Amino acid sequence: MTASDATARSGTSADAEAAGSYRSLVEDAQRREIRNKRLLATPALVVLFFAASGPLLIVLLYSFLAPDPYGGVEWEFSTQGWFKVFFQVDIFDDTVSLADAHLSILWRSVQLSFLTTLLTFVFGFPTAYFIATRPVKYRELWLFLITIPFWTNLLIRTFAIMEVIRAEGLINQALIALDIIEEPIQMLYTDFAILIGMAYVYLPLMVLPLYASMEKLDFRLVEAAYDLYATRFQALRRVIVPLVKPGIIAGSILVFIPSLGAYVTPRVLGGGKKMMLGNLIELQFGQGRNWPLGAALSITLLIIVMVALIAYVRNTTKSDVRHG
Amino acid sequence: MRAATAMRGKDVVLDGVSMVFGDFTAVHPTDLEIKAGEFFSILGPSGCGKTTILRMISGFLEPTTGRVLIGGDDMAGIGPNRRPTALIFQNLALFPLMPVWENVAFGLEARGVGKKQRRERAMELIDMVALRGQEEKLPGDLSGGQRQRVAIARALAVEPAVLLLDEPLSALDLKLRKEMQIELKRLQHETGITFIFVTHDQEEALTMSDRIAVMNNGRILQVGSPREIYDHPSERFVANFIGDTNLMEAEIISVSNGTARLRLPSGTETDADMPEGLDDAKKVTVVVRPEHARLAADAGEATLSGTLENIVYFGTDTHYHVRLDAGELFTIRAQNLRGRDETHESGSRIGIHLGDRAVQVLKD
Amino acid sequence: MAEMSASQAGGPRRPFSVKRQTGFTTIAIICFVALYAPIITLVVYSFNSSLSIASWGGFSLQWYEAAWNNQQVQDASIRSVIIASFASVIATTLATMAALGTTRTRPYRGLTAIYAAINQPLMVPEIVSAVALLIFFAMIKVATGYTGLGYLIAAHTAFCIPFAYLPIRARLESMDLTLETAAADLYATPWSTFRRVTLPLLWPGILAGAMLAFVISLDDVVITEFVKSAGQDTLPTYMLGQLRRAVTPEMNAISTVFLAISVAMVTIFFFLSRRRK
């Protein structure tokens, strides 16, 4: 019986008063509860604001300031940071042209991220499928095996790849021993090295969401497909893949975004010659001495990432509605 | 609306087929012959192995022993996507992301039929199951009965020689179920495909089938037409599973030419067909269907006698529960015909007449 | 009853596998091997007595000794552990409070915003966060002159919060609300309800969150690299620096130890998340 029922039932004003105060007591308690909950969450939010979210605003601010030649900024408004992201001025004749260096780095970042996503997908899809089709009691073991490398230090994993692909590394040693080549192949400090490194590092991020989708797959649908004379490939293409699409998209996002902002892997495996956006940003805070430019580049990266995230969220809620 | 192309069914033979999982035998070695073009039901309780048999015929399971032959061809090693069978799953397994017509056309797509032709053929089948207008909808937007029909259309699209149905109507409500039963019967007649229908509902099996196989615990107990199974159950389980029945013990006085002279518990003697394999038996169990017996006012002259314990009125029938002198409870079912004006009182002594050949001897 | 037909083969034939797809198992196995091979190579060569990875000189622990005696390694390791300890404890505490404040409740105004704010470090690329903190802390450094470990601890705490939050929240959501209601019904105060009923049940989740936060903090490279002042290396940043110069198997030794610790912690984390469901 709610308070309003109580009011309706009774006729006298004293009862109505009692009912009214009952209602406000309940509401008070609820409001207090919500206030307490908000209070509990506040300290975490405060820390996050000062050491995570808040500083992002400062980055935005800095992107509109002028650089100090000795590092840091001069407190005057300037758009040169943003300008230099895309354009450059020839020092001799002041002609404005596209900042080739920056744009090629941006392009390399997008390309490599895309290729990394593709590579992890090609290898990750069968792997996730394999795990999802193991007997249930072994699945956790396989998942555990996939997750362990994921939790080891990014730097160590990158170092491990470096050891394997360098001139004296495992791959070259094996190829020479098998007489396939005479001289070691230069794999380190190339775009290829960065690609391999990132794929190696981000593979579990593709496998896990794919597995999550596949685990829920109703294999009776696949049975139905076979019963209707589908070949294995047709069953895969027409039944399995569409049904695990949410996992495919989630995995792709989870690989693409960190790849875009990669810093350690290109630094170690690209050797400073092959830079990605992350390295370019770091440069501005080091030798480049252009903090506003670094800030502007960071915001650019952030925007690209946000766009990708929003597209992903849109896509998942849309498909949820469809199946609803 | 074009008439559906007549499809011919094939016969299905199970030759010594069994299915053993580890130390559990799901299906004991079984021989079964299902004729081409017939509506054959496998009837049994949950877990009796009927679905396992279906999966062996469709190719999802390879039998542990024995062969499955369809149209005379041994199906060993041939996967489900190469057998002339189509299976309608218990949960229907409609592809949730494809509209109805794509679901129906899937088998054709798998065989490489072009898009325009696929759609045409799919629409034919959609008409056949009376779903025109729904072809663009997703399975999730359809009602249970409509989904059922999509599953049927999808299976028929690949022109199977044998259609396997795994308890397809169990999830539907009564009215819809009856409608679908008529539909399925009609489709089977029109197409001439061999239907193998698995169910635990004995009424369904009785009304729809040309022949029924009753199954329990991995064994097929009896195969026959609905009438045969009902009137002449060979085993206790079959008798109990299908319809109501009365069980009694009887002594064998003599046997000649397949007919036995029995002495019933009340002392009266009657004749019954003697099943094979019971040559040495002295005592047997017999069954009498409730509707094969009727009340006799005079307890002295009747085959059986006892006290009328209970009268239950069912609208169309009346059930009389009689406690026989020998001790067992005997049920009689009488139709409430107009003009019949018998009134009996509970507690009165009553006699029971048994119909001609009403007594059936069981093997067990 | 049936008789076995003469043609019956006996013995199970290979059934049609609905789940099999051509080549998938092969690729999956290749993947697993490729995933572990570099790490295993790394570990194996940490025991190599020869300097170069091109040749195997026999089993040796010399690199471990060298790392152990390396002053810089010692300093960096200690610093890593200090930062990780502080950060994980603080982050876990804050995350627990936040989880209690955002879980098992009717949606209130701002809840989604709070949720987004807590998870924000996971969504922003690390380099952007690193730049942001670099700039912000630089301002504070200029203003206050403080150059201690505080900045690193603050930064680590912040990005550890979402990692601690997730397992705690998961555990909280799977807990039975009625126990706390029963306690309240028996006149327990909110604090004692929390202490005697909620906390013990929540404990595995809290532990899991703390371990996760600890590992994440230990592992961090990018943010630490940007935020640190000169001479404030953590183990990962020390290693990053070394990679720019000549690499000796000492790196392998340090990496192996690091790996061992991470694997141990993750294994424990797995067990904590599994039992007591």
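Here are a few things to note about the model shown:
Lettered A, B and C in written order, each chain numbered from 1.
The rule is simple: contacts are C-beta pairs under 8 Å (C-beta built on N, C-alpha and C of every residue); 3 or more make two chains touch, one makes a residue touch a chain.
In this text the structure is predicted, and so the values were computed from the model without any measurement.
Any chain touching subunit A that also touches subunit B appears here: C. Taking B-C and A-C together, the pair of chains sharing more C-beta contacts is A-C. Rounded to a whole number, the gap between the C-alpha centres of subunit A and subunit B is 58 angstrom. Centroid to centroid, with C-alpha atoms defining each point, subunit B and subunit C lie 60 Å apart. The distance from the centre of subunit A to the centre of subunit C, each centre being the mean of the chain's C-alpha atoms, comes to 16 Å. The set of subunit B residues touching two or more other chains comprises 60, 79-80.
Touching of two or more other chains is recorded for residues 223, 226 of subunit A. Shown for subunit C are the residues that touch two or more other chains, namely 16, 18. Residue ranges of subunit B in contact with subunit A, taken from their complex: 58, 60, 79-82, 85-87, 89, 91, 93-97, 106-107, 109-111, 138, 140, 154-155, 157-158. Of all the residues in subunit C, the ones that touch subunit B in their complex are 1-5, 7-10, 12-16, 18.
Across the complex, subunit A meets subunit B through its residues 218, 220-221, 223-231, 234, 238-239, 242-243, 322-323.
By the touch criterion stated above, subunit A contacts subunit C in their complex at residues 33-34, 36-45, 47-56, 58-59, 62, 72, 123-124, 126-127, 129-131, 133, 140, 144-149, 151-157, 159-164, 168-170, 173, 200, 203, 219, 222-223, 226, 232-233, 236, 257-258, 260-261, 263-264, 267-268, 277-278, 281-282, 285, 291, 294-295, 298-299, 301-302, 305, 309. Subunit B contributes residues 15-17, 28-31, 59-62, 64-67, 76-77, 79-80 to its touches with subunit C in the complex.
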